[in-house]
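Got a structure for you, written out below as structure tokens; questions coming shortly.
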Amino acid sequence: MSIYARLEEKNITLNPPPPSVAAFVPFVVTDDLVFLSGHIARRDGKPWVGRLGDTMTTAEGKEAARAIGIELLGTLHAATGDLSRIRRIVKLTVLVNSAATFTEQHLVANGASELLVDLFGDIGAHTRAAFGVAQIPFGSCVEIELVAAI
Amino acid sequence: MSIYARLEEKNITLNPPPPSVAAFVPFVVTDDLVFLSGHIARRDGKPWVGRLGDTMTTAEGKEAARAIGIELLGTLHAATGDLSRIRRIVKLTVLVNSAATFTEQHLVANGASELLVDLFGDIGAHTRAAFGVAQIPFGSCVEIELVAAI
Amino acid sequence: MSIYARLEEKNITLNPPPPSVAAFVPFVVTDDLVFLSGHIARRDGKPWVGRLGDTMTTAEGKEAARAIGIELLGTLHAATGDLSRIRRIVKLTVLVNSAATFTEQHLVANGASELLVDLFGDIGAHTRAAFGVAQIPFGSCVEIELVAAI
């Protein structure tokens, strides 16, 4: 089954990359690597504001990370023209807006990781760093960047 | 107009890479990618100490990011021997020393991003992640790392 | 002297990669680059919990970073089959669980950097970004990710 059939099966619609709010671009393709900018969590088209361990639960953070995963797929589609050109999801960096006491960044990050493995299978298995940050642009709860090989 | 002519026009002088204060190097060239170490903000040759949303304004942070951009260009020149060898600025990671309430990391980061786009044009348009961190070595206000393709 | 002889001389035993606690893998090899996931500090097989500038000293943090360096080498061995295939250690990203007042992330990071330079010599000299984060999964004191060229 193709990635697009799996997306349809899961009732996931891809969006074009979010408009840049600053002097940078959503993706760069360089030889066989695709770099994606950090994508922040959005809900209803607006930044999904919150801090884990303070105003948000781990389950909500995981849902936000999954939503970013879908945004990243939309940008990957725009970058490659066809998601089947992806040879490997190489790396996710998952930044979690965290209170000093919150230590479940890995569980939050799973929202995006599990989506990618679910959709891409073995080539969706990626390296990852997840950690807690002091803040994220617009107060968003999670930000994720991605590298893929094509 | 060459990059060097544009730099002269803007009255920007490039410096050699800052001396390493630890067991690492300012750049590594590997095949077609150049990786630059995180460069911290400096002023008058000393770490530019401050925290956004606390002791520094967004405008000051943006100025610090632009100053780091110039340092990164000096290191890129040292890494490549000639800035015209750069095919693309691939990625910036912009770490902003942030109070818990500060959410304008993207505006701070623009200080470096706009400089690169201004100097390199289309090939200066890069991917980017900007976020708030708890601290930076020497208490510096901003730290930026860069990846370029040659 | 081979890397393995140097390791034996230093009485360092490599372990297999730590079991993944989430939906990701410890390493991905893509053409000539090896990406390693963020490895957290462990002691006696458990997360090495602490915050620099609060419950841990710089010397202890440096020791934790060195311990992660050994874990990264175990994962690099698993990724390459033979550490002598490594052409260059390209980059370390060193995340230090930091109180707002702690500004010696570079000294903590040296625990891993010095080990790599000590073992690999010139090809162990790498680019690096070190900074303070709000938290790390499981409350670990340090997390490090690595990119190498083969």
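The first chain written gets the first letter, and so on, giving A, B and C; residue counts start at 1 in each chain.
The criterion applied here is as follows: a contact is a pair of C-beta atoms (placed from the backbone, for glycine too) under 8 Å apart; a residue touches a chain by one contact, two chains touch by 3 or more.
Just so we're clear, the structure is a prediction, and the values are computed from it rather than from any experiment.
Taken as a graph of touching chains, this assembly is complete, with every chain in contact with every other.
Residue numbering at the subunit A/subunit C interface overlaps only partly, since under half of the positions present are found in both copies. Distance between subunit A and subunit C, defined via averaged C-alpha coordinates, is recorded as 25 Å.
In subunit A, 133-134 are the positions where the chain touches two or more neighbouring chains simultaneously. The touching residues of subunit A, when paired with subunit C in their complex, are 32-33, 53, 87-88, 90-92, 98-107, 109-110, 113-114, 117, 125-134, 147, 149.
Within the complex, the subunit A residues that touch subunit B are 21-28, 30-31, 35-38, 51, 93, 95, 133-139, 143, 145.
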